[in-house]
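Both complexes shown next keep subunit A, but they swap its partner, so subunit B is in the first and subunit C is in the second.
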Partner chain A sequence: MTMAPARPASIPAAAPAHPSAPRPPRWTDAHVTVAMRSKRHRRRLVNGLMVGLVTLAALLAVLPLIVILGHLVALGGRSVQWHFFTSLPRPVGEVGGGMANAIVGTLILVGLASAIGLPVGIGAGLYLAEHAGTWLATVTRFLSDVLNGLPSIVMGIFAWQFLVRPLGHFSTWAGSVALAAMMIPQVARTTEEIVRTVPVSLREAALALGYARWRTSLSIVLRTASAGIVTGALVAIARIAGETAPLLFTAFGNQFWSTSLNQPIAALPLQIFTYAVSPYDDWHAQAWAGALVLIGLILLISLIARLATRHRFAGPGGD
Partner chain B sequence: MRPDIGLPDRAATSRETGGELPSGRPLRERRGPGAVTGALAVSRAVTPPAPAAGVARATPDAAPAPRLAAESLDAYFGALHAVKDATLALPDRFVTAIIGPSGCGKSTLLRCLNRMHETVPGARVAGRVLFDGQDIYGRDVNVTAVRQHIGMVFQRPTPFPTMSIHDNVAAGLSTVSPRPSRTEIDAIVEHALHRAALWDEVKDRLRDAATGLSGGQQQRLCIARALAVEPQVLLLDEPTASLDPISAQKVEELVYELRRDMTVVIVTHNMQQAARVSDRTAFMLHGNLVEIAPTKELFTTPRDERTEAYITGRFG
Partner chain C sequence: MTSTTIERPGRTGGPGTGPPASTSARRGRFRVRITGSAIGDRVYGAAVTAFAICVPLLLLLIAIEIASAGWPAFRRFGFSFLTSSAWDPVKGTFGAAPAIYGTLVSSLLALLLATPLALGVAVFLSEFAPRAIRQPVAFLVDLLAAIPSVVYGLWGIFVLVPVLRSPVMPFLRDTLHLGGIPLFSGPAYGPSMLAAGVILAIMILPYISSVSREVLLAVPRSQREAALALGATRWETISGAVIPFAKSGIIGGIILGLGRALGETMAVTMLIGNRPQISASLFAPGYTMASLIANEFSEASGDLHLSALMAVGFTLFVITLIVNGIARWLVWQVSRSAGGRAG
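Moving on, here comes the complex of A and B:
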């Protein structure tokens, strides 16, 4: 009796066939031929190669973020100290100083812009999804896409023309409106996409329970889509938090402490811009630190919103 | 006094002729004296009185007065004439099954009975549907009130994914006015879950996600949700089509129980199911209501040869 060349020593030779003997398994490793083995090797090789390639692509996708973060920490990390958050900008040459006014200014600008932009954007998106066929929806959808592609500087000029010039001064309002106008088309379109994924059967179930259409939209459709809408809103907030161009002619920036909605207000991106184009080394360091704080702020907002919506459903006694 | 779905007062006189509600349910609350828009209030009776023991059910042949009746009903999807001139009466506290091959219009007919058909874009209805003598397609009728009185359960279980089991059952109560208190809601939820034969399986996890239930449990949850608003009529659109046999059997038993205090219409593909659960059966074909008769009669001595062909399996 000859052993098959590929059979490992651990597999016993097939017993001689006997009617009463239990039948050997039909298919064991011992039966694998050399040709099969090479095919299997090839499959594994191709599989490994492909997995490697997509892993590489995934790493490349996050590489810029890692490089940027590393760079920011390296250059601005030293300047991010307690006084950076608590004190106002100081003149060139003076040690210390921070961006307290710009941090608060950005929070006010982004908060106000979100307060205007999110309800309008989500409402518009809901309309686009629930009344998809109407001419108003078609026109709105098209204009939203155009608006989404509009350079942000144009939005700034627009806000300047309509809010700054008639009122005669730069203001937080003007900056927030410019930012809100940038949010609305984006939020509307993502809301529309998410709302469309809510199955018709859920709407029908609500209508059959005696829900009016508006109530179905608000308490069933929007609620079901809320996780996706929150994600869309966060992307929009993160985007406007970093915008500089729309603020140049609207919020304008402010070296002093101001939380007034009718006065020019400082903002992190503006401050970063001002410091970055200056010829002073300590201002450059401040600009890097400002960028680091801006990214940290966006991360923080995202994190809080995520946590807030995570267990939205099983709240005690919620109804 | 009949449930008020918002007809003007001239209709009220005709309503009086029917006498008391058979189940002896409390009167509907009105919003104000002589309110034209009518009260939407759904009964808040936590435990509707069970029919007195020994109350003789009418036999399928001697059906009581219809609770719901369609008169020359036509339904369209755009140019498609889905239901053609259907006239049928649904006797009170009877289970009526609608059978027929796929695409015959049975689901559409069902959806016309609580005005769900018109929620589909391009859909249109002509004809009358009388709920206790009032046309639900009438001019001043409140659609949401109609749907509260005539509940519906669909083929696929549709629990609201963002809500707990408890909140799913309570979902319909949010449209009721005046709104029940928290303890009332809890009692209604428990009662509805009992009626849907689901209470024992979920009583310890009422705050858990409804989507964590099995398919059969989800479907019974949907039935409980429909029952919580105390409808007088329950429309079931192939309620067991997506369920396993054991879950389907539970739903069937439930339907059999429900007819003690409500009118049930069930659309089904499954002729055995129709034979098991229904008192009367209607057969539809190509949008036409071919025949409606007591179930036993329809399955043993059908009058129309098309019905006979279908139930003997020659087509469909």
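Moving on, here comes the complex of A and C:
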């Protein structure tokens, strides 16, 4: 890329400036040769082309989302009726039936996973923010990121080996542990980033007033950061709510009503998977309906998370 | 909202703050206060440290559990477990080569499709987009990451695969005469490596684009202004001054996307056809490590089969560990040199 075109021959090379010497002629359009003009044209053309391509890329990237959501609404909307939320799955051939057990199952699994994962994640995040320089913080931060990128199926077989195999049966516990293991690193990292935005002056003010360090951390720093932490937690919850792979060999799924923590339990993503790969049209329709409900649930959680973030920026929490 | 909660303890004294300060002032303030809060501080510090240690411990536990479960298969087949392509549960011979091959090919295909698009979006959003549409477009692209894998799989089975089988594959093979290349030869199966690659590309697009966007936004303004002042067009500014500055961060984002693609399970399981074979054609079914585990784990025929699947899981674990480690390191490098705005 040449940004300054070479000086054409018609312009004399800069002479050592003498006060009385005539000034070299200034650049005018007269000096722009045909070759330069065509080059300038080409550069403008390339510029316009690339701007067009980049805009096209943005359009293309949004397209799949619109197409997928459109299909979900078109194909799933028909089957999402009241009984979908209230009745149990029916055998093939019977009309109706719903996913009440799977919806409740997902709520139980996600609730239990949050109960395990959120305290650990937030605690680890507080450590990362308050002891930023220590080797444990560096190691934990790096391993959180690595753990965050681990495939969800690996979490699934881990939980199977850790809980299902020794106990001898699938259970809600095992599914929740697998989901919690996915939450912890994500929540830890977002908590760390939010807590770091709390001004040091707030912490110093609290300490100067005689607050103990632990009370400063919990009732001043954590409270100031709470909106952001809630957002981070909701984002993590939205992510695990749609996970299937960690549940395949842990929660396992259940066609019947069960809320026991020691029994296999149904989950919305598992049910969608089972129905989608089945050969029956009735079940395919149910799968689309389930997917629509699942997406609705996840978008709802994401929306609440976004609203919570807006609050954070409205407040004086930033630095 | 937050300001009142912050100021309340300071202004009113609060029930918890007043008494200790006044009583301690009477009897030698410092010693009393330090001993009084030391227990709380110690408990708090220990608790938070314990939570932090949970993360490395968890990773270690995962590694040990899966490695020990996969050990019998590794011991039985040795290194040939990774190179042999004989995966036959009935005969009891297990080689993970088809799954490793499928994982790599489908992920690379996804990267090939997603990277130009993701970079285009990132450049559009950081350089060209009008303020009014910047946020909405970024939100919509990021929303792709919120769609669960199983929903991608469902959409893939009923929408993407039929489209690929009837117009797309014959078009590539016959109309464009690409059938001579092994990649595009053979009968057009619906569930195939191509289907898996396309769905993976859509799934990793938001990851690559959001990291690239943040890295591009972290490039200092002066970098752009200098190039524009020299007479560069906007595209020349981007390609000559902005992208080189952000290069390693963008590469980090791409590798992060690769990490996602390597481990993606449900959508791939539903679309790749699940056949343990190595075929040069993208139109043929295949297997990935993740889909192999998802598909066969609950029906494993014996201890050796189970152990072989665990060994596949451990291989996947190690590969993603390395890929993610490299990616994070690259992104960190950039955010550190650019003043910590990205990442």
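Descriptive notes on the structure:
We adopt the following convention: the second predicted complex is superposed on the first by the 231 of 319 C-alpha atoms of A that agree within 3 Å, B and C clash if a C-alpha of one lies under 4 Å from a C-alpha of the other, contacts with A are read in each partner's own complex, and residues count from 1 in each chain.
Note that contacts are C-beta pairs under 8 Å (C-beta built on N, C-alpha and C of every residue); 3 or more make two chains touch, one makes a residue touch a chain.
Being a predicted model, the structure only gives us computed values, none of them experimental.
More residues of subunit A are touched by C (comparison of subunit B with subunit C).
When both complexes are overlaid on chain A, the residue A:224 reaches subunit B and subunit C alike. Contact with subunit C, but none with subunit B, is seen for A:157 once the two complexes are overlaid on the shared chain. In the superposed model, A:133 lies in contact with subunit B only, and not with subunit C. Shared-chain residue A:207: touches subunit B; no touch with subunit C.
Touch criterion met: A:215 reaches subunit B and subunit C at once.
Legend: residue contacts after superposition of the two complexes on their common chain; A:185 is shown touching subunit C, with no touch to subunit B. Within the superposed three-chain model, A:56 lies in touch with subunit C and out of touch with subunit B [touch as defined at top]. Residue overlap on subunit A between the subunit B contacts of one complex and the subunit C contacts of the other covers 202, 205-206, 209-212, 215, 219-220, 223-224, 312, 314, 316-317.
Per the touch definition, subunit A reaches subunit C in the complex via residues 1, 3-4, 43-44, 46-47, 50-51, 53-58, 60-62, 64-65, 67-68, 71-72, 75, 119-124, 126-128, 130-131, 136-137, 139-140, 142-155, 157-158, 160-162, 181, 184-185, 188, 202, 205-206, 209-215, 217-220, 223-224, 227, 238-239, 241-245, 248-249, 252, 269, 272-273, 276-277, 284, 287-288, 291, 294-295, 298-299, 302, 311-312, 314-317. Against subunit B, the residues of subunit A that register as touching in their complex are 133, 199, 201-212, 215, 219-220, 223-224, 226, 312-314, 316-319. Listed in rising order, the residues of subunit B touching subunit A in the complex are 40, 42, 114, 116, 119, 121, 144-145, 147-148, 151-152, 154, 156, 158, 160-164, 166-167, 170-172, 174-175, 182, 185, 207-209, 222, 225-226, 229. Only residues 1-3, 5-6, 9-10, 16-17, 20-21, 24, 33, 36-37, 40-41, 43-45, 47-56, 58-59, 61-62, 65-66, 69, 116-121, 123-125, 127-129, 137, 140-141, 143-144, 146-155, 157-159, 202, 205, 209, 227, 230-236, 238-240, 256, 259-260, 262-266, 270, 290, 293-294, 297-298, 309-310, 313, 316-317, 320-321, 323-325, 327-328 of subunit C touch subunit A when the two sit together in their complex.
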